[in-house]
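Two complexes come next, and they have one chain in common, chain A, joined by chain B in the first and chain C in the second.
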Partner chain A sequence: MLQLDAVDCHYAKVHVLRGVSLAVGAGEIVSVIGPNAAGKTTTLRVIAGLKDVSGGAVRYEGEDVTRRPAFERVRRGLILVPEGRQIFPRFSVLDNLLMGAYQRPDRHDLDRDLATVYELFPRLHERRGQKGGSLSGGEQQMLAIARGLMGRPRCLLLDEPSLGLAPIVVAEIGRTIKALAARGLTILLVEQNAAMALELADRAYVLESGHVSLQGQASELRQTDVVKRLYLGA
Partner chain B sequence: MILRLVLWSALYALPIFVRSDFLLTILIFTFIYGMLGVTLDLIFGFTGQLSMFHPAVFGVSAYMTYLLASKAGLPFWLATIPSALTAVVLAMIVGSICFKFRLKTFYFAVVTLAFAEVIRLVVLNWNSVTNGTLGLVVTGRPTVWLPGMGVVAIKGPVAWYYLTLVSLTLTVIVCARCLSSWMGRCFGAIRLNEDLARTLGIDVFRYKLASFAVGNALASFAGGLYGYYTAYIDPGYLSINQSMDVLAMVLLGGQGTLIGPIVGSLVLTSLPHVIDLRAEARAILYGAILIFTILVMPRGIVGTFNAWRARRAA
Partner chain C sequence: MTQLVLGQVLNGAIIGAMYGIIALGITLTFGITGIVNFALGEFMMIGAYATYALAERFGWPYPVAVVPACLIAAAAGYLANKAFFRFTRNNLVNGLLVSIGLISILESAALLFWTATPLEMHFVLPGALRLGEVGLPKMKLVVFAVILAVIVLTYLGLARTWLGRAAFAYAQNPEAAMLMGVHTPRLETAVMLYSTGLAGLGGALYASLYSLEPAMGGVYVLKGMEAAILGGIGSLMGSLWGGVILGVIEGVGSIFLPTAFRDAYGLAILVAILLFRPAGLFGTE
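Our next item is the complex of A and B:
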């Protein structure tokens, strides 16, 4: 469904991604784990079209989208939930959700989608009239994910959804991701929280200083010494 | 909402009670500059793009409207339309260049300023058409087509008052309509967080360009009116000072409030008449007011007032 072929990427002269190749099949949960500054977020920004590549290709649903602008990718259901709970703090929860459906041609008729999202996140329904900025960290993350869902993604890109959240909230987000995958959504999950990422994912990639150092079934990766020592703290 | 209706009605009823030409003149200038302020607010206050291009469309339209009316014999109200189209074309060219290169904040301001300067120099040196530094004396009166009455000439302060007030009202209505639609939400998203806007699938380039084109097109009408009202056009219309004055009105009245710039325009237009000062002293006073506003109430007069009302209601 989604494929990166030897993607290179620079920020000015800094070589951030060195020949990153990865693939996500339809209906899979795939994780990318790795330390700070390994290029995880950049990988997602490249896929979403927010950052231009300096080499290689991004393929989505069998088509080369490397040169396609971000908004076209969103329109095709390739939707990023950015890092750090980015929402519009001064917009109400409802308005934040509606913004997620902006690119859809049927954006004036969203009651069904809202109902689905509220069912998944009852708290957002309770707080739909509140300002986005008044929500707790966990709720803001839920709002960011829910906003992504309003765009009817076929492939959802999640950037560090557990960042800075309490363990109990992280567990809740984990359950949500599982539930979404169970509905057939394809998910690419980028995480520093390797334990969570490897538990949720079918397959995983380990990204280190801009290249893929390890890849395989999540269950197998969890058993390797390197991952155990470096990422799981065992 | 009610407060706003009352204020607008009061403006429309004013000439019935007030016959002072002096007051009406100040208000006419307020309305024309208000149009510039409101349209700059659309681009700057709502979409977050600090444009310095306003004097260029203002000046070019002043020249074009008059030249089309005098040389080509078009009635004033028809001559404003090609001027507005020219403003759109200019905005598209300048906007495309700036937004393609993703120029933001001060970079965008400086580049639009540079384009405005280029256009000013063209106007200044194109003697055969613009008469250079000497400027043009505008003869004739603007005519307006009214249903039932046909084409009538605008004469006297009261007629001018209504012409400019209606123009301002239409400007505000068009801007408000843009802002209350999905387009307005996209403008807001771009202002607040451009990267996030892109993530949501907003074609940032297109919406920035739309905001810039609409703002400049509407601003062009102010140029046509101003030229006829003052009966004189010179290249000073396109100077940086105009940009600064309009920006000062937007900041003083309250950016992102749409009607704030009109209040700012009223204050800055009437101030020199209320306080009789020499030009140098006036510039100092302007500067002081601007600095004071930015430091003490960055949301401007209307923004601060709205916040106060919201607090009281809560």
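Our next item is the complex of A and C:
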């Protein structure tokens, strides 16, 4: 469904991605783990179209989208929930959610979609009139995911959804991701929290200084010494 | 005396509404795209001279001339954005530099074409409505009504539509707006076209009431800026009321104080109001 072929990427002269290749099949949860500054977020920004590649290709649903602008990829259901939530602080929760459906041709009839995300995140229903900026970190993360879902993703990209959240909230987000996958949504999850990422994912990639150093079934990766030592703290 | 004061109130309100239309353009452009366009007064000047040319030289009826005049101003705005302004996002200093450059170029061009001699159009709509002792010139009432309608429609257009929601989203976080599927380059262009077209409309209306000079834009953009600050940057209705209040203060003040100082007492009131409401009359932050 989604495929990166030998993607190279630079910020000014810094070579942040060196020939990264990865693939996500329809209905899969795939994780990318790795230390800080390994290029995880850049990988997602390249996929979403926020960052230009300097080499290689991004394929989505069989088509080369490498040169397509970000807003066009969103319209095809390739939706990024960005790092640090990036919700609209002065919009109400409801307006944030509606904005998520901006690109949909049927955006005038969103009652069912709203009901679905409120069912997934009852807290957002309670706070629907409140300004996005007044929510707690965990609630903002829920809002960011819910806003992404309002766009009817076929492939959802999640960038560090656990970042800066209390363990109990992380667990809640994890359950939500599982629930979404159970409905058949394809998910690419980028996480520093390797334990969470490997537990949720079918397959995973380990990204180190801009290249894929390990890949495989999540259950197998969890058993490898390198991952245990470096990422799971065992 | 009543006649004099009321006349000045109306005069001030009309001129103030023109400040308001420039203020609206400034606040829209800055609030949504983060671009500072201090050259908006020049697009007003373009609209004014275009109206004059179409109506007086080509003999078009005034209402017919207004529409293409706005389009010409918007087209000039489009070019200015493509060539300069789009590179000045979120950079106040560069926006100012580009504005100052454009002001001198456009003003010089106008001098070359039209000379410094003030130009006046024929009366578009002569006569006045009489309310007791007070005569209200009909054209001034029309101009005021048009500006009021434009600002209210802009407000409704932004508050009630998906385009408006996208614009506010873009204003809060451009990248997140792009992730929602907003065609952000097009939105930015649209804001630029709208604000310069609006300034052109202000100029077209101005041409029906007052005489034209190449330097007219400079005064109006300063007053427009004052009006935007007075109303509260980012508040659409605030820009209108900021302009009207400023205009009325200047109009009524000039009855009692020397006219030469009208710019000064407008500013004095602005400072006084900002002392108590630093965010402006309608501002929130």
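By definition in this document, the second predicted complex is superposed on the first by the 234 of 234 C-alpha atoms of A that agree within 3 Å, B and C clash if a C-alpha of one lies under 4 Å from a C-alpha of the other, contacts with A are read in each partner's own complex, and residues count from 1 in each chain.
Note that in this section a residue touches a chain if its C-beta (ideal position, glycine included) is under 8 Å from a C-beta of that chain, and two chains touch if they have at least 3 such contacts.
Remember, predicted model here, so these are calculated numbers, not experimental data.
Q: Do chain B and chain C fit side by side on chain A after the overlay, or clash?
A: Here the two partners, once superposed via chain A, clash with each other.
Q: Considering only touches as defined above, state whether A:E208 meets chain B (first), chain C (second), both or neither.
A: In the superposition, A:E208 contacts neither chain B nor chain C.
Q: For A:R75, decide between first (touching chain B), second (touching chain C), both and neither.
A: A:R75: touches chain B and chain C.
Q: State whether A:L50 touches chain B only (first), chain C only (second), both chains, or neither.
A: both
Q: Could you say whether A:G100 touches chain B, chain C, both of them, or neither, answering first, second, both or neither?
A: A:G100 sits against chain B and chain C alike.
Q: Overlap of the chain B and chain C footprints on chain A, residue-wise?
A: Touching chain B and chain C on chain A: residues 48, 50, 70-71, 74-75, 79-80, 82, 86, 88, 90-91, 95, 98-100, 102-103, 107, 147, 151.
Q: Using the touch rule from the top, collect the residues of chain A that touch chain C in their complex.
A: Interface residues on the chain A side: 48, 50, 70-71, 74-75, 79-80, 82, 86-91, 95, 98-100, 102-103, 107, 147, 151.
Q: Under the stated contact criterion, what part of chain C meets chain A in this complex?
A: Its residues touching chain A are 162, 165-166, 168-169, 172-173, 175-184.
Q: So in the complex, which bits of chain B are touching chain A?
A: It is residues 182, 185-186, 188-189, 192-193, 195-196, 198-204 of chain B that touch chain A.
Q: Per the contact definition, I'd like the list of chain A residues that touch chain B in the complex.
A: Touching chain B: residues 48-50, 69-71, 74-75, 79-80, 82, 86, 88, 90-91, 95, 98-100, 102-103, 107, 147, 151 of chain A.
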